[in-house]
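What follows is chain A paired twice: with chain B in the first complex and chain C in the second.
Coming up: the complex of A and B.
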């Protein structure tokens, strides 16, 4: 190579590299695919890093979950509920669990659990799981009407063991305002143990402190996250 | 020309110097990219990771090579240099080499001054010298390469290989071993012995005449009289005059608790933390950089203390610069880098915030641990920087979801008069936080009462205190006449696995933030706690 050729290479290559670095600016981080999808209040999916959202679709199970807030609406994460189920007579017949008539009105209705023993602002009396279910169905949260309590297995599918230090065992980026406490499941009629033994039967709850399930009395105030299947926005 | 080669020792010295200078230059430019956007434009050409430690290691190497070279020239190197003329060096090659010496010397002197503690202008001088070195490298190496091509590379890489006496071999290898040992010794001395000592004065647990220590920012208790202050020059922060501020520290301990008094210059008291402003389209977050997690205008003042049993450069080795220092983890948004521990060790991070924590008489108790796993739902990946306790402890922001455009507030004051004080003068600290129940949940009807241009705070306290691990550090600051005064206290040993015990030899680093989210000031040398013996007072 001649001197001028080398000189040319030695100027052009570094200059071009520097120019390329100057002109090409690195991309901002992009979201990666994930099994959770945020669903807005009307049932429309949102991109990963957007919000606000009212429900989360879990593609692994096809379940649509209620998302808690700090808005003081019925979905506020601070509210607690006693376990209570209003059953029409026909359902009680099919149920293997002994129903307890509680309303004393003489109607053919058998209800299970303890009404109005949790804390919330949205009922005149105190709150139970039936209140939240009734109101959420009426409101058609995320376009759905079939909101119900999750089974233990369903609720367990949200337990996330890699949660950050001191946080509830759930992916708080999708499920904010989750408390480190017990969340009711639909499974009731279980025998109570230890201090609760005299109350005989209670319902199962999943603790988001450690991800374990425990049976607690119906009258306890615990948190609730509702679920629905076969939803339009998650299947 | 093959017969007339450079000596082995020349080649070793020259290659060592060349490599170390290139390493200094690249790592130095990466450091410069933190505060100089024009350098950051070239970020893809710069190394990432623990560059600060590398910068100092190469600094030690260059310094030693320069000293060895000077010694070599003084002790008879002159002769050797005299007859090594092979390539026909035109005069300007020599001129370039000569011009290189003062530039390198300027880099070294300004670098060591910066290391010693800095002062206004030293950083700029060091940066300018680095540019000189860059131009020098381009001219020096470029012209040789242009003129002689591959031959010039062979010449600096292949030594003269003739018969040597045993004595020469012995002397040569002794010198080599000596140089390696010298480097190791000086480097470990630089690492281990360069700390700034801060004496922790012992005070009695109970004193009949002295009042108990009140954590109120005011160091008027007689106990503070006995604490010896040190002043640390910190720079590289956003907004501070020239990005720099001097931090004065004093420390006490009563055997149970550790007390730290801090004072730093900040001409303005900044309390407007990402305030909301009503526009014709709705409420907007006032921001200039927050979207990329690098707000430098609408932010509160802050102060951070990092504590560690490690005293390694770069904040106990936790500083990893660059957009993506970890290949398999998400990048950061601003390209500056992030903190994490690369050896599994935990480091404590106290983060006092003039609005978000000061009213609770607390500092956030955070920690820096190993890099966290990627969390697909989170837009910001913070690597090793994590909160100790429960989710967002006591404050929440007054928006349902942050967006650069219009947001929906979570809560509104029932009466517009509640915001009156903020509309003109800016208001004092208590006005920039919203006690949860002073406001009501957002409603469009209530929103209609607020005219365009209304400013509203965005920090809501939802309970009085952090709970559990996050509430270990008590802190209170106040601003007066261009200075922040901050008092911090924590148990020496908290028992939490996420807290570093404080004892003799614990190192700390301090950073001041002037209405900046991440662009804080920093200092090079660790501050090392020196617990005075109990009977000294």
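Coming up: the complex of A and C.
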């Protein structure tokens, strides 16, 4: 090897390698942004490493979320619910044909959905979304009374795409006891397809298996995570 | 069985110890959690298991075939196991039992004998029976208990459990499960004594038993391979229930890492057993825990199970597979393997049902397949009526509404089901899915949605008694309906009353049942013999009934007393019978009946009273066991084709003389339009036909209907013009029938194109559809048919006169479309 070749190998090649490594240096791993705040049962914020917590405040959206448990209370993560909305005013008997939307006026003079087709153990009958909403409001979970089903957009804001394989697509450090399954949204009246087409319309859910939304019949037993806005502890 | 006293011939007890025990018989044994298991042959063996309730020493089982305990034999404990360190169980295996017999027993120990139990061994012949199949009892005690209580009301012959008995497979949870299992006992008073009927369980290993692959033998005494050992090999095996049914129990958890050698052994055994013994029963069931293709996106597909079993299931005619684990209900089409999945079989396959929700919280039924019939998130188990020619599968939802079958009810009818069970109604199928078998013994869904399914099947059993040497072919009814003289225009197809016949019913008047069988599978056959009609009598009569050839053709979906010509449809009488008891009844018919149908047209049969007013009720293909025609035939090895004889009413049929004709015309065009989607055409929409004053989604809704009445130009003097509609969603509001003011076509009609409310012409009639079912609207007074014949046939519009509660009707695409019934004098 000639001298200039030796010099080339000893200087230029290492320099080029170092330069390439510098240019292609991967981004430093970013920690999960701490936009969540744990809230205790009475509505008080907790440090990130503390517990137990009953709700989570998402500082990005200002939404306060119910946290699921394995306590066999109304917030147990195993419980499932059919989608059912009770009229706020007068009571009208539910459809005798569950899952068949009521033909009616373009206003909520009728109950919508299928009552009592999920499984929780705090109701005499089986369970629906109205049961959980009614009880959570009465309980004033985290000091709030306006608990409701989230919209699809609100629920999508919790989807955590970097979840470990096989885990639900959510930050389980803040939202434990979340299941790989469908979580109801407030959006209903969507047309059903394929096998379910005869049921005409259902409601939207977000699957925390893949983070996608799906239209399923009101009669399906899906999970629920309630939300409230303009809360005292998250605004 | 350790037969330490007596034998199966019931000798009197002879030992001092037994005499002492008998003297203290009512002192009560210190045992609890009695369970009964079938793991070999339900006709002649059973395993009785129990646990000490306090201090129990030297327990044994005293048993016999009557309540006279002096005639009983005794059997000692064959095996004892401890589960999870603290549940001690003793198991007594009874063998050489008499088939189809009531077996009474008590568990005895040093304190005497405990509660009185009885169970029934399986029949050794083709007698029908009911079995229950479900799984996932691991959590949800309220639902689990409701299911157990419902089981006690149904009184099945046996129970298949698909695994996941408990959540943690711990001693405490298993004890709670066994506590709850006691709710399945049915209470009986027999000869003045209190007995509990106990039901044999066929258990399955689920994933919640994975911490102990010996759970089935430790808790239930299952010893499928009959080797006397308790180990993971006792998680799979076959139970010969009777000549009708062989149940295969498999362990899907052998797919887990570390169990491959067991999986290989199991799968080799399965194939071998299917090949050797699969044909020993007319029906084959399989149960295992994990579905091949869960109907829930939160569960992974278990394609390895498909690889292991699906082809064998198809090849060896596995008729019904019960899966668990997912906590929902599903029914599938009869399917066959295709690549890594399934496809709907055009002519027979395997039907998969499931998926385990006997307490465990229901999950979102969100992953239907192309071959799924229906699915839902409910608490349920399957109730299956097993008879020689048909399986009827129902899904029982858990609540307290069901009536209770008594011991006498069950003894009178082995297929009886309690009233008011909260049956799940599956789309397309309804509450009952009936299966028959094709020539390869694969399942065919009868009357279901498999458009190409044949309704006929071949019996492998060759149950004919004539010894003709020809195979017996079982033809399930393709059409069955009854008609009534008091409701001459009403069609009762699919009525929940089943099939009725009577000389003079107080409500219906004279009634006749019409039956028809698809003969495609015997069209190329000859030498017919041993022709037998089988019907399932649900309400007996001591009157005589005749079986007649039908003199003219009819269709089940349109037949009424009026349009078949009343009793004039009765042709030659073929046979008579007196249905003096409930249950399956066979009636021999002359073989010439089949020849006649093949030669002169197949109009089927009529069952009509030969006098008297004591009516007979029979189940229809919609309500239970389908009527079946058995035929021995020489088919020369020709393969059968699969086709359906069901016909459409669309062509319009006529009967009667040239002077007076009755005609039924199906709608040529039917569609709805909505103001809220004013540019949309809804022809063929799955919603059917809608009318409403103000619907949330569609706005104001009109239904448009038109009939092609060409061919009636030479008719006049109309004496009937009746519009018939099938209402599926009722309304208490009034709806008007209007002459359409302008022409339209179903393929293009929209709210805008018909001019919205401008389409409403003269009002012709009104109706209030305040119930579901068939409605008839008299259009005769309006003279609309004559108007149409004059050249301005623009059809009808159905619109709400007031209110916002809409009515839904079936269209010709979604069910029975609108019909027009006409009667008039017509020239040639």
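One rule holds in what follows: the second predicted complex is superposed on the first by the 180 of 235 C-alpha atoms of A that agree within 3 Å, B and C clash if a C-alpha of one lies under 4 Å from a C-alpha of the other, contacts with A are read in each partner's own complex, and residues count from 1 in each chain.
The rule is short, and it goes like this: a contact is a pair of C-beta atoms (placed from the backbone, for glycine too) under 8 Å apart; a residue touches a chain by one contact, two chains touch by 3 or more.
Remember, predicted model here, so these are calculated numbers, not experimental data.
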{"item": "Contacts of A:61 with chain B and chain C, given as first, second, both or neither", "value": "neither"}
{"item": "Partner chain(s) touched by A:157 [first = chain B, second = chain C, both, neither]", "value": "neither"}
{"item": "Partner chain(s) touched by A:221 [first = chain B, second = chain C, both, neither]", "value": "second"}
{"item": "First (chain B), second (chain C), both or neither touched by A:52", "value": "first"}
{"item": "First (chain B), second (chain C), both or neither touched by A:186", "value": "neither"}
{"item": "Which superposed partner A:117 touches (first chain B, second chain C, both, neither)", "value": "second"}
{"item": "Contacts of A:146 with chain B and chain C, given as first, second, both or neither", "value": "neither"}
{"item": "Chain B versus chain C as contact partner of A:207, first or second or both or neither", "value": "second"}
{"item": "Chain C-contacting residues of chain A that also contact chain B", "value": "180"}
{"item": "Footprint of chain A on chain B - complex, ascending", "value": "41-45, 138, 142, 145-147, 149, 292, 323, 330-333, 335, 372-379, 381, 386-391, 396, 400-401, 403, 408, 410, 441-442, 462, 468-470, 498"}
{"item": "Of chain A, residues touching chain B in the complex", "value": "1, 3, 6-7, 10-11, 14, 17-18, 21-22, 24-26, 28-29, 31-34, 36, 48-53, 70-73, 162, 164-168, 171-174, 176, 180"}
{"item": "Complex contact set, residues of chain C against chain A", "value": "139-140, 142-143, 296-298, 328, 361-366, 368, 372-379, 427, 686-687, 690, 692, 694-697, 729, 731, 804-808"}
{"item": "Chain C contact footprint on chain A (complex, rising order)", "value": "78-80, 82, 97, 100-106, 117-121, 126, 179-182, 189, 194-198, 200-201, 205, 207, 209-210, 214, 216-217, 219-223"}
